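Mind looking over this structure? Questions follow.
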Amino acid sequence: MSEKLPLGLALDLRNVTPYKTGSWRTQKPLNIMQTPPCTHGCPARNDIRGFLRTLAVSKDYEEAWHILTRTNPFPATCGRVCPHPCEEGCNRRDFDTPLDINSAERSIGDFGIENRLEHKKLITSERKEKVAIVGSGPAGLSCAFHLAKKGYKVKIFEAEGTPGGMMRWGIPAYRLPKDVLGREIESILKLGIELECNVKVGINIPMDQLIREYNAVFLGLGAQKGSSLSIPGDDARNVFTGVEFLKAVHSGDKIDIGREVVVVGGGNTAMDCARVAKRLGGNVSIVYRRTRVEMPAITAEIDEALEERIMFRYNTNPVKIVTDENRVIGILCVQMVLKEADASGRGRPVPIPGSESVIPADTVIIAAGQSVDYEGIDIHKRDNKWIEVNSQRMTSMDRVFAGGDAVLGLETVSAAIGQGMHAAYAIEDSIKKQTQNHLASPPVVYSKDLNTYYYQAANRFNKESVPVHIRLKSFEEIYPPFDRKDIITEAGRCLSCGLCFQCNNCLMYCPDNAVKISPSTGMYEFDYDFCKGCGLCARECPCHYIKMTLER
Amino acid sequence: MIENLDTIEKKDLFASGHRACGGCGQALAARMVADASGENTIACVATGCLEVFSSPYPDPSWRIPFLHSLFENAAAVAAGVEVAYKALNKGPVNIIAQGGDGSTSDIGFQCLSGMFERGHNVLYVCYDNEAYMNTGVQRSGSTPLGTRTTTTPGGKKRLKKNIPLLAADHGIPYVATATVDDYRDLQRKVKTALSIEGPKYLHILAPCPLGWGHAGDLTVQICRLAKQTCIFPVFEIREGKIISVQKVPVKKPVEEYLKLQGRFRNLFKKGTPTTDVAAIQKIADGNIERFNL
Amino acid sequence: MLKQIEGSQAVADVVALCRPNVIAAYPITPQTHIVEDLAEIVSEGRLKAEFVNVESEFAAASVVLGASAAGARTYTATTSQGMLLMNEVIYCIAGMRLPIVLTCANRAIAAPLNIWNDHQDSMSVRDAGWIQLHAEDNQEAADLHIQAYKIAEQLSLPVMVCMDGFILTHAYEPVDIPDQKQVDDFLPPFKPTHIVDPRWPRGLGLYADPRFYMEAKYIQHRALEKSEETIKQVSADFRRAFNRDSGGLFKTYKLKDADVVVVSMGSIVGSIKDLIDRFEAEGKKVGLLQICSFRPFPREQIYETLKDKTNIVVLEKSISLGRGGILASDIRWTFPKGEKIKRRISSFIAGLGGRNISLDDLRYMVEKVEREPVELEFLGLRQEIIQEKDL
Amino acid sequence: MIEIRIHGRGGQGNVAAAELLAVAAFIDGKFAQAFPSFGAERVGAPVQAFVRIDDKKIRLREEVRNPDYLIVQDYFLIETVPVLEGLKPNGLVLINTDKPLNELKLNTTARVETIPATEIALEIIGRPIPNAIMIGAFCSITGLVSLEAVQQAIMQKFPGNVGSNNVAALERAHEIIQKRKLYA
């Protein structure tokens, strides 16, 4: 048909040059990835949002494992023993209930083990620099892991006959099956890390030799020495420190604990000792000089201990251990009352005169704190207890770095793993003579930043534990494996705080069609030729991925 | 009866480059409608804000055939296109007449009513921004009670015309309401309407940041509140019967909707009788009862 | 075939022969018979078209606007108040260059309400950009519709065929209704130049800011001016095809050596011709120039035809209140100021609201202008019912 | 040129009568023009219609002021409307009435004819519509247009029963007039 279109009155719409409205803008939208509160709360800085979204969207467990092990080589382990501070911050908390990140982590870890997944090195070429790692606990192994991935030659010196440190000796099998730990250590070592056991640095090898032979040394000594109470009778037979007791049990020594077992202390070790003793058939009670509120142990552990019918004696403090022919028969305790808070912020316990009484006992386990074994290692300490390190995680000795319980005091496995990772970064920096802020990360997204209208409420995954009467019969793990479908559903509850999950809102809510899908990435991008900066996209973005910024 | 049409459509048939204000609800709605109806569509648009900001020669935003004549005759012009296609044995084609609330409920209502009564196979879409925005926010028959406009400085004293129900009372096969916050629902209704033979009416609440006195980024949220406060019921009427209603499980007080908008500032001035807000709440309560929201 | 039929019937029959695809109209006296007859023709299946019973003239015009924009050949008819109600769309149709054909059964405009004939209604839209053709009798009224479609579609301009209400629409006269083949041979199928069609997405009726509006109007004006040629051409073709004189820009009667020339349009020219013959019998030389194309107004040709005439009287059925005769002012404007030749141009308003114009009235008019020029006079005014205080 | 004016009341078929005469004249090969005195009158109101018949094309558009013939479809109009106005002195007026001529006392020099058209209509058509009878009588008296042409015109306009009834009425009127001529 002819193209006689009267001027101003008819127009061919196929070749119109659009009028650019971008100049009308005073503020512009930007796609900015933000830090989710879970990662923010995780000492190991795991990309939790990353592996949850991967599970939810592509249901790809293998990819999820690789995302998770980018930071943490112990998913199966942490998935069992971590007190999961990540869940504290989860923005779902203000919406319905936080995600069960911990179970997801364990599920991913178990998948990795079952399918013998292997860690990938970040670089193919080997580096000539060598690093010595002292101690094969979570801190040491984490540090070794991250350095090995970067191509450094890493050698671990372990005093014991098997690697794992407190994960092996401190954590009972019903919480962390030994083969799970073994398999995760195994795949770490597969990165080409050399491990020498039964070598105690400072005794079999002097420190200065290591310092000489290696570009850097990492001390992951842990806190292996159980401290005694130093009260009369604490040298009697059947009086153990928590560490001794657990280690003995885990290394398979036969111990006759008799009938009545009294555990002194309120930390995780105390709980572990009590529950192990229970499984050995003891009639166990815990003596703690403050109340439950002040107990440093993980809540879950205290709950499980209570479930397992362990008796808690609060406001009770041992005075002396009653012995008969250097054999424990009881423990004399005094009742305490809490007065105004002390340095630790907890109420200061004060004895009530004349409230003494004897608790009968065949075995007494003293789990009232641990300390570092510095034998042969002369190094600066904090309040004469923990290794002192600077912001670069270096100790008073040049090129000697440290992390884990030995630095932090008693802390969690994931804390130690985080320490190991950051030490690895620091070590690389010192080798490369550079300084980088590895802790730097974009701002954290809080629930007030989200547009929760677009999310549906959903129940949290609830994990079934083995009934008490059965679990007490053995050291079997108390949480049987999870159904992966349930975990994927749980992962679907992730709000993807601070990262686009392609909900289409920005695309559909832009009155100016200024949001396009990038042909290359498939992600949304703004067409600033036309965006008028109204801010609808940012306002309606559920996860706070879009930020409005002033034009300049 | 109707297959699931509940997907999103983004074809940019109403393209970038129009002169609407930032956050314009009408521009948003017009694009959602155009994209839902697809390339095989003719848009007959009434004079008004939409027409002015989207069809300046030589760079209009429409990528589907566009026909504008006057303020009050979009429905009749669309009817003309429809009979022409019939007479010439052309088509099938989607014919969508569209206009603002002024051209729909006031000056153009006669043409609209005639089009309905004659049974043309036309979808009429009303972008309701509840006043004459093109000319600078004067009250229209669709302006709600209590609204402040440049011609009702003290707030409108009369009720909003209920065009959807007036349309339904013409006995046309399909009438629906929608808002821009729920694009899936909106686009589904466009497709549903177009799948039905005869006159159809779709009434879309389309906020005007300028006229309503709110920031451009609140357009969607305000639509949501209009539904959550039951001020604007979202429903479908098929052959005179209500076949779907968007339920409002948690009903919010109308204040939450009113307070966000400058046009209702009067209602909250000190010394204003709270009876005004109560009267508006009554309207919402009426909707709750009428549509069982 | 020659038939003794009512004018409305004749127009309806001929419009049907033009095969419009879409007809939309709203009944109003004296246009009703045309649309009633068309409704019947369509319902009997003699014409395959969509007949739309709209709710108002405004909608009628809007429907044909839409239909024409979609590529249909369209038809509508109205008069008087209906024309005023259409007014907005009438301008829009012209501005959009849509080749719509409309019959105006000329009628007076209220108030006072009056259903009888004069030309006030079509005059109210004379500046809208439509071609306006005035019929002398029912034969020409019928013929002009065939020509109208050809002109409109060749130029993308709307055409209004004006025929006097009642006097023609309701009069039974012999009219030669052509057969379908004759019309088909003369009028090719409509080939639209710009339409709304998803296959070629176009924008029609876009708004034009000050950078474009004036050019659009200029082009429109030039198109109307240029249409004079087409109107003449189509009339000539028509003569060849139907051997009848119909349409064109204007016609003359015994003008050659007339001392007094009457200029007029519409059905009244019939009576004027009778009068001229009677004057001739009495040995008086009076001539006639009957306008067919009032818009475009063929200024040059009229000037050429009348330039040596010294006594011209314009008789019309319309008035620009507060100004005077509308046709008269167009005729006066036809002659450049300060011409050597001394020329009188008198203006008579007649037949407003259907007032009968008798031969005696016409005779009086001619004899008066023979004596003296008349600036403006209402012919047959009943002074006896006008009181001083009314003025 | 012959000019005819028809007077009647709305509903008596005055325009139809004018049309029929014009069509009949056309059939007879003459030029004709018929038009009503347009108005907004409703049923019962006095109305007029006009007919012109000539041997050449008719251009004149004025209302018929000086008719050669008057057809009065309703006698009682004579008391309310100046029906005879302008009637040519040597013209003819045909009136629908059963009154004897001497009772009419019409102030005119023109020829006067009457026929009880309404009665005949009621008898033959069954409705008080006198126009066919009046036209029949008119043709019969004046011979201006042929009866055959009128019959044809009637059958064109009203095919079927209505037409044949009217034709019958037309013929009856013709008989009556012819008889009257015989006795005159």
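Structure notes:
Note that the chains are named A, B, C and D in the order they appear, and that numbering of residues resets to 1 at the start of each chain.
Heads up, the rule we're going with is that a residue touches a chain if its C-beta (ideal position, glycine included) is under 8 Å from a C-beta of that chain, and two chains touch if they have at least 3 such contacts.
Since the structure is predicted, the reported quantities are computational estimates derived from the model, not experimental observations.
With centres computed from Cα atoms alone, the innermost chain of the structure is B. Set against one another, B-C and C-D show the most C-beta pairs in contact at B-C. Mean C-alpha positions place chain B and chain D at a centre distance of 64 Å. If each chain is reduced to the centroid of its CA atoms, chain B and chain C end up 43 Å from each other. We define each chain's centre as the mean of its Cα atoms; on that basis chain A and chain D are separated by 116 Å.
One inter-chain figure worth recording: chain C and chain D are separated by 35 Å, centre to centre, where each centre is the mean of the chain's CA atoms.
Shown for chain A are the residues that touch two or more other chains, namely 8-9, 11, 13-14.
Counting only residues that touch two or more partner chains, chain C has 96, 201-206, 208, 212.
Among all residues of chain B, those that touch two or more other chains are 56-58, 60, 62-66. Contacting chain pairs (ordered by label): A-B, A-C, B-C, C-D. Residues of chain D touching chain C in their complex: 15, 18-19, 22-23, 25-27, 31-36, 38-40, 58-63, 65. Interface of chain C with chain D (complex): residues 4, 6, 29-30, 115-116, 137, 165-167, 170-174, 267-271, 273-274, 354, 356-359.
Residues 21-22, 24, 48-50, 52-56, 58-59, 62-72, 74, 88-89, 92, 96, 196-198, 201-209, 212 of chain C are the ones touching chain B in the complex. Per the touch definition, chain C reaches chain A in the complex via residues 95-97, 156, 191-195, 200-206, 208, 212-213, 215-216, 219-220. Considering their complex, residues 1-2, 4-14 of chain A touch chain C.
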